[in-house]
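Mind having a look at this structure? Questions to follow.
We call the chains A, B, C and D, going by the order they appear; numbering starts again at 1 in every chain.
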Amino acid sequence: MKRTTIYYNKKIKLKDPIMVVGLPGIGNVGSLVGEHIRAELDAKKFATLYSPYFPHQVIMLPSGRIKMMDNRFYCASPKKGKGKNDIIILVGDTQAMSPEGQYEINEKIVKFFKHLGGKTIYTIGGYNTSKNYIQNPKVFGVATNQKMVDALKKDNIIFGQAAGMIFGSAGLIVAFAKKHGIDAACIMGETGFLDVDANSAKAVLQVMSKVLNVEINLDNIEKIRKETNKMLKSLEEATKGQMGPGAEGPKDNFTYIR
Amino acid sequence: MKRTTIYYNKKIKLKDPIMVVGLPGIGNVGSLVGEHIRAELDAKKFATLYSPYFPHQVIMLPSGRIKMMDNRFYCASPKKGKGKNDIIILVGDTQAMSPEGQYEINEKIVKFFKHLGGKTIYTIGGYNTSKNYIQNPKVFGVATNQKMVDALKKDNIIFGQAAGMIFGSAGLIVAFAKKHGIDAACIMGETGFLDVDANSAKAVLQVMSKVLNVEINLDNIEKIRKETNKMLKSLEEATKGQMGPGAEGPKDNFTYIR
Amino acid sequence: MKRTTIYYNKKIKLKDPIMVVGLPGIGNVGSLVGEHIRAELDAKKFATLYSPYFPHQVIMLPSGRIKMMDNRFYCASPKKGKGKNDIIILVGDTQAMSPEGQYEINEKIVKFFKHLGGKTIYTIGGYNTSKNYIQNPKVFGVATNQKMVDALKKDNIIFGQAAGMIFGSAGLIVAFAKKHGIDAACIMGETGFLDVDANSAKAVLQVMSKVLNVEINLDNIEKIRKETNKMLKSLEEATKGQMGPGAEGPKDNFTYIR
Amino acid sequence: MKRTTIYYNKKIKLKDPIMVVGLPGIGNVGSLVGEHIRAELDAKKFATLYSPYFPHQVIMLPSGRIKMMDNRFYCASPKKGKGKNDIIILVGDTQAMSPEGQYEINEKIVKFFKHLGGKTIYTIGGYNTSKNYIQNPKVFGVATNQKMVDALKKDNIIFGQAAGMIFGSAGLIVAFAKKHGIDAACIMGETGFLDVDANSAKAVLQVMSKVLNVEINLDNIEKIRKETNKMLKSLEEATKGQMGPGAEGPKDNFTYIR
């Protein structure tokens, strides 16, 4: 594994798939949204991405088993809504630490999606506007073209207000999508400096329900937030001591979302 | 995109081109000078450089669109002055963070310029001599050969006084030019520790007007400084919160000059 | 040596080998256990791994000689116990500092072991649970499959309690073993924040004696701890001053176990 | 230049060459000794090594010219002493910052030397034993084999006392020499925490005069120390301000020895 590699867990055929990318990041909005949609749509894992640019750590599971860090592709054929597209959800444990790794991984994700016949990508992220908890978070967007901007504005996503930089996959996947002729947008939930901001994730989920044209039950978001918090805490405790040579210690923005 | 790549935006034919390189750096003198000349000469973009060594961020545009970080080549055929050379202006959002990236990108820029039939390169930078604002900034130079030193001295560029190191493209492009048999010089505006030093840029522009033998209207420099400042501020605010995993936070010397 | 390379010191034939990996890490439990088993079983060196991802340092030996940093493979055919497997012990001076290095080295180790006809791997590590010295350290485990979990539980290794991340070789070798169809487990001695925790190593050695089905005399552990401590101290003193350009200074978790 | 490259400045034929390596490092003992021997033997440059792993900076020369960072090979055929070997002196501006770079560069240096028919290498370094100025510095050594240890002991070099690690070229060149079947030793002058320790360099030069069997006039050492100090100071002042994007600022252990 000298390079980032995507392995199929099972071969599948997808109908005009749309991909939602929910990876660890600010306020863990991406992970929360991705994991929630995955659970609600009962999506099945079909491919796994490994990379030598991921942190050199492995995850201890409650079962006494072990897993390598990865990003995982799930797919679902939603029936609840009127959506006629299959939906791919990409979630994961981590992102690459270096520019070279980020560029390689994110272009590979876009090419793989294109190879699957994909049409549109939505990456999910958090967008910090305050140091405090935000009661009524807005949802911001940026997109690859004006058609997407116009369409997403109708679903109450605010364009032209978020400024600056998007770090990591949430931004680079959209940029590579543009390069490879795929429509894409980054949807960002407004957030303060919370580790796990379920309120922001909820706001994004309400919007994504319209965007994807599927029903997403929000009753479980509190449960997912609690699980995520628990996971984060046990992780924190463990990582306090569990460091070997070459380890740089736990990053504040590092999160394990199973 | 495993390697730094230059894409043509349109095919062009250039007459003995001279290149001015104005990338982000100390006091943003390079960016200010590059953007100003580009605007004044009404230069047109003809090529774009992308690199996996650039920071793994994408830029949110006021239009709600997105762009990958890049360096951009513009060309102009100035008529105002007596210059008979076409002029290429290289500006950009960023520079590579690692030695390997810097060496790869800057040699690629020089080879591309040589391939275009280029003869002479001027890189623009800032040169800090004080912690205070400098009222009457000097303009310093270093060059690949004595002929250039002699010629540039006539245009009031001071040689032999600046000492130490030049970091990044402003230095390495000149060094690679020397290796590939192209005349080159680095022209540095004296500056204090300002984020955007329009006064220093003005001094360089006055000199470059003579060097390039073109008229450069300096009335707009204040407007460009204001725009740059505004851009920098909005960027700063946004980047305060907009960081994902793997992000190292905004660098002081990082600048977005559109 | 552009890539990690394993050189044979002598050609050998091994009978269904089992590998114990004891590299520097938390509390140096891995190194202590690896070196102790190596000494007790009178194992012979048969292969050496070098890597350009190891720190750019060389080790001064008491003899006035010098050695490059490496990881070393030893083998033994234990007769004391009932074990019918040959045993490989992997010990070393260091681990790679970067993700790319860790991924390359650890997959290479697993592939080499597989090439030797290997069946099962045990990596040894420390697991911090406290900031204090731990009088009666527990031994925790994680494994690639349920069969191993069940078997190791019988030897008083606790599964399902250790949580979080395992950094470096102790984790990645187990993960790559799983990928390449080899049974593997990481056995971790509970430890406080000691540089060299012989008490934790002793607890692991008692367990490993059962796991490997060989007698391991524990009388010498105190001697090995002392030697290790002495080595560490002399190293510390020396490294205080012995740094050249590019050196990042001695890491707390860096250890030289000869 | 994707890889470290050595260019010939002129083709030469050498008689059983011995190489002395004096690169920047602790107390700049290596650089001082290398530059002094080069000057005293009136050695001529015949090859230059460039690397994309060197810091991404270029050096401004007092002449208003510019140079890329490099390591330089000089050769001399000493007549003053009884030495019948040609002598190569390797000096330079910098060393690589990363393990990958250090491994690549130093193996390339050893292979180049072997290709030239080289027999023996002496790398020069500093060895810190105190935080204070050392009046009567000792000279320590480590070597690739016992024959060299025995021979160098006769020249008052102390073996078996220096312990710990040697960072960078001074150590890795000796280790790679061993791998490629070339005799080598690292000769270290005892030093305190001085930027430029001429006293330590003097002690090493006295020893090296015997080792190389050439007369080395020490009258000029004070002159060289002064020049080096001046160079360092002007460098420091310049680098205070002269930083661009991607620059990490001047390292304490970074030195420009022309």
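Everything that follows uses one rule, which is that contacts are C-beta pairs under 8 Å (C-beta built on N, C-alpha and C of every residue); 3 or more make two chains touch, one makes a residue touch a chain.
All figures in this text were calculated on a predicted structure; none of them were measured in a lab.
Undergrad: Same or different for subunit B and subunit D, where same means more than half of the interface numbers show up on both copies?
TA: different
Undergrad: Using Cα averages as centroids, what's the distance between subunit B and subunit D in whole Å?
TA: 36
Undergrad: Where the CA atoms of subunit B average out and where those of subunit C average out, how many Å apart are those spots?
TA: A distance of 51 Å separates the two centres.
Undergrad: At which residue positions does subunit C touch at least two other chains?
TA: 96-98, 101
Undergrad: Could you please write down every pair of chains that are in touch?
TA: Touch list across chains, by label: A-B, A-C, B-D, C-D.
Undergrad: Across the complex, what residues on subunit B touch subunit A?
TA: Within the complex, subunit B contacts subunit A at residues 1-2, 52-68, 96-98, 101, 234-247, 250, 256.
Undergrad: Using the touch rule from the top, collect the residues of subunit D that touch subunit C in their complex.
TA: Counting only subunit D, the residues touching subunit C are 23-26, 30, 94-100, 102-104, 107, 125, 127-130, 141-146, 149, 159-160, 162-172, 174-176, 178-179, 186, 191, 193, 251, 253-255.
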